[in-house]
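As written, the chain order gives the labels A, B, C and D, with residue 1 at the start of each chain.
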């Protein structure tokens, strides 16, 4: 894949967030990685979405060193690069403050798998990290944000592609996927799933959620060697 | 009716779901049946709604055997065909993951008749099936989903045209009607009714709902030999 | 005013309901009255909003006898005509199943005056009628619906122009105003007020609402001889 | 800056409120100030937003005396001018009845800082004033509304630019900023923050909110000498 093509894919993923109502003003950011070249392409910081063109995307290495681009990269860059370093299977990262997913993050609650819409995309609860310590917040904060996600997934032995999203406590969701298109798609579905989980829990707080067998059935309908969904 | 006409009707019912905000990406599906020919026309699986044309609709027999069409049918086909076999009065089936109806399904709750909007369309609670057993989920799952609906209606002696919708526990609603237009219309109204029921119950959990006489009055205003609504 | 002009005003009021998202499909209806001629102009029953033209509006006398028009009038006609007969100060009536106002009606709850938005338009709680008896429902139901509204206002000595709306228990709101434009405007504001009351009460159920002096200040800022709002 | 330019900026801020769904009909108003000339430019009262042109903006002095303009100024003018007199650092004021911020005002509740979206814009809770006394309501009401805001900020030693918004009890929010663009932007973000706070608190009422260190980190990422966000 040419880097030019990746810039376009990353731009399109950013614009998909706008189209689906997940971002306000300059909130949110999407990035993608070229694993062969070890290069990350990310949205610039604080630029209006309707002014974005592929050339404005910033290119960095896996440690955030700028390789190409005249604009400053997203202020969340260090979270993105850490996720790329620690989750070698992912090809793109998306961060939004989408309303309902962010509300769960603010409540410090994971999004439990309450239905098959969830199970089609997320093979278990979408976790919420523990709050960052004052030390972590006062230190390399953006890096620590990524570390909270990575630690949670590694300590709980979760495959990042099986649950391609995490809520950062008191903050908002980060999502990912095999490429920029899928990462944005996952962010959009996460918001829909979060909204329905909110409705369900406020309607019936003691709701048990789907059984393991229903989770298995729906997740593997869309994922893995035996997937049957689509053409 | 020509099969070509049915393909167009089924396509239009699918697009109505998009227009009314009931589906996201490739979620949801609508089908219709030609009772004389015993043929079912259904949306293909996982194709973007804005790419759909009548020719993409898949034609099967009443047991899901593909008669015409190059694409794979909706993965929910076996639920549709079972409903057609067991509910001989219905002419179309619509499945969505529309937000509020799905939230009731996730909570495992029927939608009670709380007002005349409900009574105009659904002559009693819109039921929610019991959860599927692990055996059913591990077996012919899509067929079992239809069976849970059919069993509920038959055991409770409910006329499928009097309550043209059912929530599948932990999943989402299935709706139907005399033709594709009405099935989609019922799905749209079900979502509006579910949203208002959510608001009502979160505002006043002990809400009693409409009386039998109000249910009768409104339902028979729009249905049956003495209907007075419309031209 | 010419009847032709009234037909246009009534049509525009109906279309305002669509534009503001208060009605779905053919739900809802607006009417207006020419007091000099004693003629009511009302939307026809069950006709799509985008097909409506002024000529389709149905003209009746104050007891619902059709004077002009080839279509059947709205099935809620008898409620409209009763309101015109009993509330001589009103010039138009609007009925919708708008989501949040209907949710209060379904809960059997009045909308309390919780803020100045409410006070700007409604000089006190927007009441909810008691449930209709089975006898009333089984009898002249549409007339009885209007009677429940009229009785409530008369027994509680409420000026219909000071509180230009009422919730019908288990059903939905009826609104009115000095003309069709204002009646539709009141229906739109009622929905906004109902939505904010829902949010407020679910956030803090014991909320006290505005004081009588704040209610007075805001209401009379927009109404009566000392109004200061607008040009 | 020419006064003509300020008129245009104030008009654009008013229109931004419409575009973002914060105002209904003629609700809401925005103003800006030319500190050198001591002149305030404000929206006229009760004029439809789609009829507004820069020339319709009304120019007053800091005590509300009309200097230029044929239309009556917004009925909230006295609140705006008091804020300008008492908060010398602000350059614009915006008032809306936006749904969720107004719902908190109706509940008489401050919006607590529950997440980083809040912390990016508001360095602490967005306060809610105590209810106005009957005397204040019966007196110079619009002036007293501003006084309630000013008193709260001064007694609690809050920098108006650090928390550029306040809820008026039983009424709605007032927001401000260094110029009209930022004041409108703050009003839009306040509504998003209020909506997420509503969701969070109805999901988990005992939610603690962000730590002081997280509040510091996010607020100073976007504000002050060490800000890193944007280009």
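Following the convention adopted for this analysis, a contact is a pair of C-beta atoms (placed from the backbone, for glycine too) under 8 Å apart; a residue touches a chain by one contact, two chains touch by 3 or more.
The structure presented is a predicted model; accordingly, all values stated were derived computationally and were not measured.
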Subject >> Fraction-based call for chain C against chain B, same above half, different below >> reply: different
Subject >> Chain located farthest away, centre of chain A as origin (C-alpha) >> reply: C
**OP:** Superimpose the Cα atoms of chain A on the matching ones in chain D and note the rotation angle, 0 to 180, in steps of 5 degrees.
**Re:** 90
Subject >> Inter-centroid spacing, chain D versus chain C (mean Cα positions, whole Å) >> reply: 33
**OP:** Quick one: report the Å distance separating chain B from chain D, using the average Cα coordinate of each chain.
**Re:** 46
Original post:
So which bits of chain D are touching at least two other chains?
Top reply: 202
**OP:** Assign the assembly's chain-to-chain touch graph to one of these shapes: line, ring, star, complete, other.
**Re:** ring
**OP:** Would you please name all pairs of chains that touch?
**Re:** A-B, A-D, B-C, C-D
Original post:
So in the complex, which bits of chain B are touching chain A?
Top reply: 24-27, 44-47, 71-72, 75, 97, 99-100, 102-109, 131-132, 134, 137-138, 141, 170-172, 198, 201-202
Original post:
Any idea which chain A residues touch chain B in the complex?
Top reply: 114-117, 185, 188-189, 192, 195-197, 199-200, 202-204, 207-211, 213-214, 217, 221, 228-231
